[in-house]
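Got a structure for you, questions after.
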Amino acid sequence: MISFMSDYAQGAHPRMLQAIAAASYEHNECYLEDVHCVNAAKLIGQRLGKECFVTFMPTGTAANLAVIGHFLKPHQAVISADSGHISTNETGAIEATGHKVIACPSENGKLTVETIKKALADHWHVPYVVQPKMVYISQPTELSTLYSKAELTAISKLCREKSLYLYVDGARLGMALAAMQDELTLADLAELTDGFTIGGTKNGALFGEAVVIANLLLAEDFLFSVRQRGAMFARSSTLGIQFEEFFKDNLYVELGDHANRMAKLLKEGMVRSGFTLYPEPETNQLFVNLDNKLIERLSKDFTILIWQGGEATSLVRLTTSWATTEEDVRLFLAALA
Amino acid sequence: MISFMSDYAQGAHPRMLQAIAAASYEHNECYLEDVHCVNAAKLIGQRLGKECFVTFMPTGTAANLAVIGHFLKPHQAVISADSGHISTNETGAIEATGHKVIACPSENGKLTVETIKKALADHWHVPYVVQPKMVYISQPTELSTLYSKAELTAISKLCREKSLYLYVDGARLGMALAAMQDELTLADLAELTDGFTIGGTKNGALFGEAVVIANLLLAEDFLFSVRQRGAMFARSSTLGIQFEEFFKDNLYVELGDHANRMAKLLKEGMVRSGFTLYPEPETNQLFVNLDNKLIERLSKDFTILIWQGGEATSLVRLTTSWATTEEDVRLFLAALA
Amino acid sequence: MISFMSDYAQGAHPRMLQAIAAASYEHNECYLEDVHCVNAAKLIGQRLGKECFVTFMPTGTAANLAVIGHFLKPHQAVISADSGHISTNETGAIEATGHKVIACPSENGKLTVETIKKALADHWHVPYVVQPKMVYISQPTELSTLYSKAELTAISKLCREKSLYLYVDGARLGMALAAMQDELTLADLAELTDGFTIGGTKNGALFGEAVVIANLLLAEDFLFSVRQRGAMFARSSTLGIQFEEFFKDNLYVELGDHANRMAKLLKEGMVRSGFTLYPEPETNQLFVNLDNKLIERLSKDFTILIWQGGEATSLVRLTTSWATTEEDVRLFLAALA
Amino acid sequence: MISFMSDYAQGAHPRMLQAIAAASYEHNECYLEDVHCVNAAKLIGQRLGKECFVTFMPTGTAANLAVIGHFLKPHQAVISADSGHISTNETGAIEATGHKVIACPSENGKLTVETIKKALADHWHVPYVVQPKMVYISQPTELSTLYSKAELTAISKLCREKSLYLYVDGARLGMALAAMQDELTLADLAELTDGFTIGGTKNGALFGEAVVIANLLLAEDFLFSVRQRGAMFARSSTLGIQFEEFFKDNLYVELGDHANRMAKLLKEGMVRSGFTLYPEPETNQLFVNLDNKLIERLSKDFTILIWQGGEATSLVRLTTSWATTEEDVRLFLAALA
């Protein structure tokens, strides 16, 4: 079976395991104070262009709920696209920390200045209406689209005018950075946001997300929240080592780039075969309507995700990763034909 | 530096990394449905003597808060020794899920039938007093002591009479099973409790805890809670692979046994040198009062944990692990002399 | 100033205060165990046609959050119309107890079998999607519309098929019962739902809501939740006395009927003057678009609620109550002309 | 039956009901913006000596959980005497908002500078230990004792040194102010604390507590929390009217004084009869060990609270209130003899 199911169906990139193995007999500090976490934070910090707080957490949902729970007061809510990960795929994790997710209509996974303004207008500042205080976006979005730097800048500007925090879920940030190499940097994100994550799990780490808090006022005591949410790794060097690998050279962006290129190959092949992809994929996920019989046939050799099932056709998601090979793509395109 | 700071200061046991590396290019299911998690659950299940629900989580705190939050209704509380991990070292994680921890006085880390009865008497069944519904114990305790099988049985009996759930935090269960080989088995725990954990992090895994829910009525939808708490691993095969290693032979108990034996060597050496350990260590942690000057001198070559600081002397904790060598112990004893 | 702002802008019905005053020197039990609460629960119980649990709480939001928090497990969510009170006007109270409100599009304030089915389809039973477990509706709705008995029956049937709890917010139930006298009774609600409230605050009580739990399995320990949420009145006789007044004869429905009749007078007058009301009011609230200049002029003598402000016109809500007089209506219609 | 069960077993003081009745036909603003709330806040404000935020809530538990939830961040905890109301009698309400209550040993219901320092030492500033950020005391305490002004000042000083908030639960503040007329004023409390409540329920109001936030930084958006917790009264004028009555003259202190005097009469009679009261009552509650047979006999004519039941004797609590008469006391003393 070849998997286009997700970008975490295969294991970690070999460099991750080699580095972890090499450190097995070191005696390290724990709980995010080990030399590897300290060094990884420094390596990331060098790319941020300003002083930020950087730490490491095991999963994206843990990062989202710890950050949102730490930033907001009890009566405050977070604005998200209705397709946002926190709105649809985290089992109510944000609500379980006490905060409403204000889900805004979106066709391509993106919030706009207009939809945010609409959400603010719908939640005016009176005590019987929950108070929007944060904007959550994903870069790239759950639908494989990207915010341009201009779009990010406009949203950032609005957030500052309206005293909203801006938080970017970067579960697949490697793919975004790879796709926007001349346009968007980590330093831009540090400048434009109050916080963001740098996803490892979906980009070749065994697991792990870096959390960057750019607004230092909000970083105070953040590790208490990490611990309280059950997300502080004892043997944290395992997290630090992996992010050292990502950032001691350009591995993080290279792996994102590989996934994007495999997605492009796949897309080009499918378009040649007459399939229409929507929305236009900008990173490593393709959405396409396929005949259910075709899906059934493909499912003998390939695992793919049914995004939205239908009677005759279904919307499926195809995902590439650091581990996808050209051969995997070629075989899939052949099977499709 | 040689670490006696904790049982997670060094890396994972080599078999863990080898097995993870060997699976790197597999295309696996995700979110705890992969073949490795399924197989590891089966291997554990074979030792439980009855049908239980088994799954895997990244950290002990995540397991504790997910289990307790899933078992209890909002007005219910959990009874713990005042030295219990949930009471002292999880940053209020249980309270953050909404539940009071009723902390009971204990000298050696253990609850007794009497202390539990006292807690029940103090929280009689009226709506303005929180309702005790669960007993939390650790085996071994945070103070390195063990509940005998008779003690566990008595607590279990009381819990069933009083309709209390019994949950055992097994962060260091490997050491308990090793120390009580003829007395206590996983099947005993499945019989006596409603749920327990099998700790990996402190026993040679890179990370990870198995959660066993023995009371199947309480297991319904548990994975929703795992996900909601940010504790569902995407690349869950990493968890499953490690617990396959632990339980495909007797590795889990062997590693606990090694840690216990190193602790025994250390204890015997210290006792010979005139030190008094309290409480009497039954597993892999030693507590001893040392002169602060001695601590300072030792700290040049060894990392140790100050459990309770004092003006002239301090209570320190020394912990051994799967990775502690006889040489480590010999060097420490020599430095002590 | 004459208020059409809300149905709680004026004080309580004289019978409420007289009865409270008459009991001033009684020595009563407290915390919902006093004879008045017991008797009021019995009076309500006699109209329910089956054994239910009945108690009393100070506010509608407290009742909603206590009931929803008590019924649901942490990973479960409640389905509501997007105009539902819990979705829009309770400052995220339900989320603050940890539960997501799944807001469904609705034009007239009502959920339908189809919208509920759609919500279920969007939240299929997988651990990374929150689990819908309850349907929340208001009778009448926040937009003054009513569910017919047939509609309620269809929703109830769906809920039972899908193992969803059905909960009815009856903040203005007096108006619904008055408007549907031959169609809907309290016994019908007890039969069709798992729980509902009987609102006092908006129907002439000084304050207070009765909570009826028709599904006795869900009633267990409910008073613990009442207390935990800060909603258990010490001098609870004040609540019981008022609900005795409502239900020792037909006062509860009579006051709702008065409010409805005043609304009807108002509506007829406005329609005669050429105004269009939308949605068609079925109880005591009217929604109408008025010219902003007209609103400004009216605001000198009348208080009215701007429901949705606009540049030239605004949607306003006019509410009548037990205390609205025909003279109040006449004066308003005259001012409008 | 004559009740010494609590200070809310009888109804409200006649002036409360008269004032509420007099306002029945007014058309008022709602949700704490009505003229009565505004005026009552002003009357209280005039006694505070500095600008504070003042609002009104229905119950003491609601006030406690709203204030504590609003002041604290998720990882922060509140220090309380182990007999504190939030620790024992609120069904885990504070934990249900996510915060641990650190219960400190106390014999007479009071925290001391030393016990607070001990709690701080036990919870040093590391991310795996919950962070104490608030001190909660009751004035008078649940055991009828009083903090002297010197004691309050010392605790306040410590709190400011250690960046802890100080919050005073004044459920029976009327009795404290009456007992300490030359020593403690509302202005002192505003000076020494970050917030406190002025209890109405236990001092002759039908219900209701004033919340005073003296630290204005913490008051921001407090009404959002009031609403979110289900504690914002729609017909809030009912709250405002009662606090106008309390503070338009000296009624608040006079009623507390009456309760204290009745308690003193009762105490003197009991002491004369050879009973020993412990702790020495300073306000309106007496604690005394009585023979169970005597309790049974007394219970025919009087309701009293069993504070702690025993086999032969039980600790009972006797409470006087604004409504207790000298005749009530005389009859009880006669029955006791």
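The first chain written gets the first letter, and so on, giving A, B, C and D; residue counts start at 1 in each chain.
In this section, a residue touches a chain if its C-beta (ideal position, glycine included) is under 8 Å from a C-beta of that chain, and two chains touch if they have at least 3 such contacts.
Note that the coordinates shown come from a computational prediction; the quantities given were computed from them, not determined experimentally.
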Looking only at C-beta pairs in contact, point me to the busier pair out of A-B and B-C.
A-B
From the centre of chain A, which chain's CA centre is farthest?
D
On a C-alpha centroid basis, what's the spacing between chain A and chain B, in Å?
32
Please work out the Cα centroid separation of chain B and chain D, and write it as a whole number of Å.
42
Chain B to chain C: how many Å between their CA centres?
49
Identify all positions of chain D at which a residue touches two or more other chains, and write them in rising order.
74-75, 90-92, 96-98, 127-128, 130-131, 224, 227-228, 232
Chain C partner contacts - residues on chain D that touch it in the complex
1-3, 5-6, 8-12, 14, 17, 20-21, 23-30, 58-66, 90-93, 96, 201-202, 206-207, 224, 227-235, 237-238, 303, 323
Could you please specify the touching residues of chain A with respect to chain D in the complex?
31, 69-70, 73-75, 97-98, 127-128, 130-131, 221, 223-228, 232
For a test of understanding, state which residues of chain D touch chain B in their complex under the given definition.
74-75, 77, 88-92, 95-101, 103, 127-131
